[in-house]
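The first chain written gets the first letter, and so on, giving A, B, C and D; residue counts start at 1 in each chain.
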Amino acid sequence: MVKKYAINLTVNGINYEKEVEARKLLVDFIREDIGLTGTHIGCEHGQCGACTVVFNGKSLKSCLMFAVQADGAEILTVEGLAKDEKLHPIQEAFWENHGLQCGYCTPGVLMSSYVLLKENPQPSEEDIREGISGNICRCTGYVNIVKAIKEASKKIEGAGI
Amino acid sequence: MKPFSFEYFKPNNIDEAISLLNGYGEDAVILAGGQSLIPLMNLRLARPKYIIDINKIAELSYIKDTNGGLSIGALTRHREIEKSDIIKSKYPILSKTVSLIGNPQIRNWGTIGGSISHADPAGELPTLLLALNGKVKVVGNQGEREIDGDDLFLGYLTTSMEKTEILREVYIPEISPKMGWEFVELTKRSHDFAIVSVAVLMSIDNAGKCNDVRISLGGVGSMPVRAKGAEEFLLDKAINDDSINEAANIASEEAEPESDIHASAKYRKEMVKVFVNRGLISALDRVRG
Amino acid sequence: MNFDGNFKFNAPREKVWKFFMNPDMLAKCLPGCEKLEAKGENSYEAIVKIGISVVKGEYSGKVELKDIVTPSHYRLVGEGGGLSGFVKGEVTMDLEEESDKTIVKWKSVAQIGGLIAGVGQRMLSGVAKILTNQFFKDMEKELTKEESL
Amino acid sequence: MKEYKWIGAKVKRFEDPRFLTGRGNYIGDINCPNQLHAAILRSPHAHAKIKNIDYSDALKLPGVFGGLTGGDVANMSDPFMTLVTVPMKYYCMAFNKVRYVGEPVVAIAAENRYIAEDALDLIKVEYEPLTPVMDSEKAMEKDAPLLHEEAGSNLCWHDTFPYGDIDEAFKKADEIIKERFTFHSYSSTPMETMGCIGNYNPAEGSFTAWSTMHVPMLFHMALAMALRVVGSKLRLIVPDVGGGFGNKAKVYPYVVLACLLSKKVGRPVKWIEDRREHLMACVQPPGRIAEYEVAVKKDGTILGIKEKLIDNVGAYTRLPEPNHMMRPFQILVGCYKIPAIEIDGYIVNTNKCPSGANRGLGLQQYYFPLERIIDIIAKRLGMDPVDIRFKNFIQPSEFPYTTPNGSIYDSGDYPNTLKKILEMIDYKGFRKEQEKLRKEGIYRGIGIVTIVEPGGVNIGLLSMSLGIPILSGADDHAVVRVDNTGGVTVLLGCPSMGTGLLTAAAQVAADILDVNPENINVISQYDSSTHPWSTGTHGSRFACSMAEAVAGAAKIVRNKALMVASGMLEANIDDLDIKEGLIFVKSVPEKAIPLARVATITNFSTALLPPGFEPGLEARYAFRFDKANLADEKRRMNMAVTYANSAHAAIIEVDMETGEVKVLKYIVLSDAGTMINPMIVDGQIHGGVIHGFGGTFLEEFIYDENGQQLTTTFLDYLLPKAPDSPDIQIEHTITPSPFTSIGAKGIGEGGAVPVPVLMANAIEDALSPFSVKIRDSRMNIEKVWTMANKS
């Protein structure tokens, strides 16, 4: 029988106790074992960033970590951004500025933007482009993503979040 | 693709890690940041039977500015190095070099020990380590030993560390504030593996002559290499456009790059000239600045 | 992927030739060679384990010695498959006498296929060079050891 | 232009909240009860016979439930139909022979993907390698290795299309310019790879397949025929698509593979392509060789062009190929009044991954030589390329303009587009500054390109390669339904893949029914068993075909509602109007009836309906484009619905030391006719430009001489990231199309098309002191460096 490892972690504020095979990737664990399919797989070799989540406060490509390593961790995924159906300012800014088209890279981009704005509340365009340099988008050409993150920084500053 | 199966261990301290490493030897691999190892596992190029995850060993993550040099724990994340004020002020070349690695996600989790022991010739840190005359402290069941940067890299992804040793610390000798420095690299896209990378450190005596210079080249062979010929040429010389140009030409001769689909060997050799030139000029500005 | 080069053995040609034709020596010096079993006239079944750091692959297949012109020329042809793809290659050897020393001029042509070719792009030529140099260094080490016997 | 409230507004997209909160419904998120996961063992050889397959050990692995090989496929299904007359057997897996590295050889179904991939290691396949051929010209030589024995040659199609008096043109020419161009292969690699679920229902002998095909019904027939069922027994469902760009619009072999594997193991089978499989075996647009001969007069007038076009379509000529050759027939003469043009087309098979659609589908390949030749003519005649364009432009007064091969350009003002962009980029000012900078050793260049963007597709295009053009039509269907609460449902025949067509469709319905778009639900998941017919989402056809279908259906519903209301309010139908879901008598506004009540009457109190009135407030409408004609005896045909026009201009700087190219300014002047949602239009242009930018500087599918693929990860197939992508400035002029009710023109692909040729023009301009000649579409860093340092 396949060896399983017990892990205990919180995802979007909810605590889970699960058993996982060692090789199960964290992104597969979030999608299949926790059932949150907002985090997407784009390449499985750490290049596209579609699987980006926030792991203990830092952005992480969840295809470059095994679920077993997440024992005791606190994870935030795209499903955890909006609070009781009220969109997070970043989500609002992406909606208002057409910062997404097919939506497949969007969860990863949102999580990178979330951490970027926490670390640098007033980023320049260059800071923004560097901040999402780990996320590839094929639909938007990044123009409206950069605009959306800029607008989000103003919203957040205004709302004092 | 999905990774092959393996057994997973998460030691609490270094001794536990070492005994695991010795117990499983050839088929065991250390997992730190995973940013280089896990892509190889997901592509099923690497199929280790045992993974030893050292992320719980907090004692391996530190930045200590002792007298005479900087000690960085092998498990220290690139991001912490990038944001460290002590490094920004006393080792600015390290601060800039680390900021060129991968992207925010990779820098959050990739470790200095991981990237140096992975020994990718196009990686930023192996190249920089040589220019800094840095060395690594490795620990095994025969205790701890030091390996100088020059003796560490043997070839592509290959170091002189034993299979049963763990890299514990990277040590960088103090850099005098009077020293000019620069780290420049040519990449097709921001943060790609370098086509060519150059690390330069240089100081000038008050007669305007060069009394210390170190140039190391990345991406131009199976391992990073010090351009010793160019260094010797510049020693005791006045640093001006001509001497810089000549040094760049010599350095280019010392590079033995391979061709691949991204750049030919001929192009890489020419780029060594361009970037050694740019590195020296910028280092010179900093000396005078 | 093709390479060439030469390697100087300080031993007379007959000795080096006999050495190069001796399967046990080849088995010892071919990097990662775990089995070289004769299967006929100058034809062997081989299992080779090649690896660079964590990337290891086991290739099984056959090795043949062809166009043998004693004691100056022959062609070693190898072909093998494994989990990460297949390797097909040949090395032509020309042994030239230089007073009491021998210069082995070699030319290798390698074709890599499958997973390793598509993904290992950046490491292939580097790895091939390391393995070839290692092969000749080991051969010389064995030769000098035998010399001293 | 009619006064619209919603059409023309930058409405926030209705599909966004789902994507923003992680509630997208992509193929990877869909699971069937009792499903298995498939993994595929792929050929490591580019060309080899399959001597033996043994997957018995794989079946013994715990968690494995079955496997499929080419042999099974040949028994259980028929080869896919193709659009070439030469016989060629193309199955969803290799049968007897592998023809490209990555071709599926064995598929395994297991509990999860991890176990399925473990099982692949236990399979033994014996190959007899054959010599591959990779180059299209070598593949046509007599003794070249033959891919398809039954076809007899690797040249699977050749035809010549003369239009206008070619000989006359070349007789009157002052200069004849001969040039050879090459275009490399790059694709869109959407962030979501391909994927499908196949489910065979033995009780009904029917298949249900979920897949990311954004052109389901164009190829539904081909898939059903392959699976040996009638169309009604193959139900195709398309959930949210994570970017399509045409790459997911082809005869999709893996749907058949999953369906057959499901039939064999008796359980649904889910297969998700991983990135390596996508880069090796999904779709690689054809590399092209274009040999041009141009007849030109001294004053720059172009009299005629002869083009020899050779497309390398890879191992199989897969539907929709040879569309890279045929689709550009929509715009053979570009913006220009070229009276005579001849296309001599060759489609060649080689041991590469089969080609297929990719954003632009032949237009970037076609415009590269056409817009390069303009700059080459200018240099040869010592004129400014801009003047050559003004000289040859079709003039605004000449619309609708019929081109030599039958395209009917609806409307446009090409000189005005070019004039505007020259002002925006300050062309004169740049030329002066360029001279000054060169003296300081700074080499900058400017590129200008003007193109016509075809919108919509006359499906007759696909039959042009069959010799006798039998197909025609650029129609589309939509259903609009008002329910008893006044909510509106819209069903389209085309899946959404991120291009915002769900929101745009709602805007059209909202304007015609005058209801708030919030109450409109345009169904996002396509289902062939319930949705109306359509060829799908391709060829920039939403704005001109699909939008018209929605408008037509909404108008019928509006009239039905007014007819019922006129009875209920005892008022003449002409005296009625609708405002925000309320039908009222214009002369006596307080006499009104809500749309919801009218709908309820049509469903629950049909006795009150006027005689002959069909119950239900719903309509299915098929927009039929009357100019989607049948090709005439000279094979002239109008192959698009609308013809938008755009100019792209860029200023670049070449780093002479390294060959790096920095884009200092990128401007697009787009005339897209009426813009249903300008925000979405600009988004399409942004994405398109960066697609072209990546294709020009970074992306290429590279093979070695033995047919091994060297770009199988994102470490070697390089996509532009945010720091590498230039900002893009977009301005618009609006010349509505007279051929459609809304006047909107399709522009989904236009942004991507001109970028390679624009960069070639700009770089050649920057390096003109070194008389550099750019004839190939690749501008990677080393190539530019080589050109910059040739002297």
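Keep this in mind: a residue touches a chain if its C-beta (ideal position, glycine included) is under 8 Å from a C-beta of that chain, and two chains touch if they have at least 3 such contacts.
What you see is a predicted model; the values in this text were computed from it and never measured.
> Using the touch rule from the top, work out which pair, C-D or A-B, shares more C-beta pairs.
So, comparing the two chain pairs, more contacts are at A-B.
> Approximately how many whole Å separate the CA-defined centres of chain C and chain D?
About 50 Å separates the centre of chain C from that of chain D.
> Return the distance between the CA-based centres of chain A and chain B, expressed in whole Å.
Taking the average C-alpha coordinate of chain A and of chain B, the gap between them is 29 Å.
> Indicate the whole-number Å distance between the mean C-alpha point of chain A and the mean C-alpha point of chain D.
Distance between chain centres, rounded to whole Å: 30 Å.
> Suppose each chain is reduced to the average of its Cα coordinates; what separation in Å results between chain A and chain C?
Centre separation, chain A to chain C: 50 Å.
> Listing for chain D: what residues touch at least two other chains?
114, 274, 276, 710-711, 713, 715-716, 721, 723
> What are the residues of chain C that contact at least two other chains?
83, 115, 119, 121-122
> Which chain B residues touch at least two other chains?
Within chain B, residues 1-5, 43-44, 103, 190-191, 193, 261 contact more than one other chain.
> Every pair of chains that touch: which are they?
A-B, A-D, B-C, B-D, C-D
> Touching residues of chain A toward chain D in the complex: what are they?
21, 23-24, 31, 36-45, 47-48, 50, 77-79, 81-82, 87, 91, 94-96, 98, 100-107, 110, 126, 128-130, 132-133, 135-146
> Please give the residue numbers of chain C that touch chain D in the complex, ascending.
81, 83, 85-86, 111-115, 117-119, 121-122
> Quick check: in the complex, which residue numbers of chain C touch chain B?
Contact set of chain C toward chain B: 52-56, 83-84, 115-116, 119-123, 125-127, 129-130.
> Once bound in the complex, which stretches of chain D touch chain C?
Residues of chain D touching chain C: 44-45, 101, 121, 276, 280, 704, 706, 708-713, 715-716.
> Please name which positions on chain B make contact with chain C in the complex.
Checking each residue of chain B against chain C gives 29, 37, 40-41, 43-48, 118-119, 121-122, 155-158, 193, 222, 258-261.
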